[in-house]
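Would you mind keeping the following structure in view while I ask a few things?
As written, the chains take the letters A, B, C and D, and residue 1 is the first residue of each chain.
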Amino acid sequence: MPESSGGAEAEPAAAMRARVRASFERQVMMTTLGAELVSVERGRVELAIPYDARFTQQHGFLHAGAVAAVLDSACGYAAFSVMPPEAAVLTVTYSINLLAPAAGERFVMTGTVVRAGRTLVVCRGEAVASGAGVPATAGEAAPFAVMQATLTALYDRPGIRH
Amino acid sequence: MPESSGGAEAEPAAAMRARVRASFERQVMMTTLGAELVSVERGRVELAIPYDARFTQQHGFLHAGAVAAVLDSACGYAAFSVMPPEAAVLTVTYSINLLAPAAGERFVMTGTVVRAGRTLVVCRGEAVASGAGVPATAGEAAPFAVMQATLTALYDRPGIRH
Amino acid sequence: MPESSGGAEAEPAAAMRARVRASFERQVMMTTLGAELVSVERGRVELAIPYDARFTQQHGFLHAGAVAAVLDSACGYAAFSVMPPEAAVLTVTYSINLLAPAAGERFVMTGTVVRAGRTLVVCRGEAVASGAGVPATAGEAAPFAVMQATLTALYDRPGIRH
Amino acid sequence: MPESSGGAEAEPAAAMRARVRASFERQVMMTTLGAELVSVERGRVELAIPYDARFTQQHGFLHAGAVAAVLDSACGYAAFSVMPPEAAVLTVTYSINLLAPAAGERFVMTGTVVRAGRTLVVCRGEAVASGAGVPATAGEAAPFAVMQATLTALYDRPGIRH
């Protein structure tokens, strides 16, 4: 992965936030999952989803696929927030560990940039549950899933909007 | 990962298939995504989903989260198919590479057991698209996503059915 | 991954440190790489290696294999430090991101437990370089490699000492 | 990951093999590990190492770090073999599953290209053991480790030779 890029620093924070929000609102799957854009800082994005019986696995917990989708988006938007305004973002690969069943009523997924290169950005993601059903032993802030993700900036691809 | 387990070999294939199908039908998220259980062999499971605009990302392609959810389930059921009948299966971790946008009308996800130990099973997953929109250059059988997944067998956990 | 285990808490810290050090000293590869056990806390282990021309890749930097070996060991011993004294530890899987070339004179690898279950422990690893050759832009504490690792506790395996 | 690149097709196979061999011979760590370049085809590279007590872990088996280093190189050279002659190759990230201890006398690591894009190439790696000590139950061809790796092509980086 190449050297750090400070290119996005010139963009005002408000413009960056508007850019992230506009892209997030075009992700139909996030709407379908009921995902909410909780906070956007440069290099750190928080999304949240409620428990929804439509997206459960065979034991009644939220399906890892829903968890992974929102964690991946949190990492993707964290990466997007440090990219130049003209870039589009795509996930290259991620690794996810499911540490405990996704028990609870609300799930907050946070993506944080670990290192940003010229085209590749590496992020970490953490998913934390709250509400009834979260095991007391887990601790307030113990993540039930963690992710290590590699995102790429794309430029000038026809059909690929931000 | 420990030595191979041949414990499941004693279970008749029809019983194993019925066990996989019963668990699959309890995964509400699979129903929500329109997933279909295409084929079940010992150590190899194929699932398929149609394109669905509700599960798309910002560029109009199927969201990686939907792809990952079904690939994860294909790997999970491949692992489950070689586990003893009394085991429940949970995904410990997976790594996914998104090789190309999920363009197409139908997506077939195949999970295959690479090695089965006493409690841990490692699988590979491949996602292949068909129908209008699949780039001709991709080739008939070129996967647009691949996964390497680690699953675990659980026994005697209250509240965890198969 | 199952619920947290607090089983190791009963072991005095000095006994735990001696247990980790004794196992580390049996890892011949760590000796060959010149690795040093810098610090051991419950759930957090730091190892360090010097630059060594014998372990370089084609561009003259430390080979990713040497980096990964020591990061994997740091994660392994972090996991081992929270396991019961009678357990042996094995790595199940890890994912590593190589963020920048391993340039520098000394490399510190830190493994930290994210979550410890009954048999599976998930850790994060970070590798940081110091000395001549580290790009100034990288920042003092910027990792050049990060890892997400899954370790397992083994009991009563003949031939597997701690 | 972008569309397939057929750019390397124009290079004669003998030139490609010479290019891979020349780069391999500059990897000092491969020499230190006793690694041998067994075969090179476009998109598939086989390396082998002997058992060596200097690179063992605490249970006397070959250390996962040695396994990973050679698997990573096998994947790296498989990717390099399909890149344009002027490119250098770096590993971005990989995920490795250690399926069984590295028991045996000789270890063959094979890297195979899954998909080659313009700058990113995804490979799979498999490690197979032979000789005394390999568990008979494992089967002749059963891998004891598998890898999923993402490599990148670099152009015009000062100080980065092929």
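The criterion applied here is as follows: a contact is a pair of C-beta atoms (placed from the backbone, for glycine too) under 8 Å apart; a residue touches a chain by one contact, two chains touch by 3 or more.
The structure displayed is predicted, hence computed values, not measured ones.
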Inset, instruction - Pick out whichever of the two, A-B or B-D, is joined by more C-beta pairs in contact. - result: A-B
Legend entry - Remotest chain, chain B as reference, centres from CA atoms: C
Legend entry - Between chain A and chain B, centroid-to-centroid distance (C-alpha), Å: 23
Legend entry - chain B and chain C, separation of their C-alpha mean positions in angstrom: 32
Legend entry - Centroid spacing, where centroids are CA-atom means, of chain B and chain D in whole angstrom: 27
Inset, instruction - At least two other chains touched by the same residue of chain C: list those residues. - result: 1-2, 90, 92-93, 95, 97-98, 122, 148, 150
Inset, instruction - If every chain is a node and every touching pair an edge, decide which shape results: line, ring, star, complete or other. - result: complete
Inset, instruction - Report the residues of chain B in contact with chain C in the complex, numbered from low to high. - result: 1-2, 90, 92-93, 95, 119-120, 122, 148, 150, 152, 154, 157
Legend entry - Residue numbers on chain C that touch chain A, as the complex places them: 1-4, 95, 97-100, 114-115, 117, 122, 124, 135, 137-138, 142-143, 146-148, 150
Inset, instruction - Going by the contact rule at the top, pick out the chain C residues touching chain D in the complex. - result: 23-24, 26-29, 32, 53-59, 63-66, 68-70, 72-73, 88, 90-98, 101, 159-162
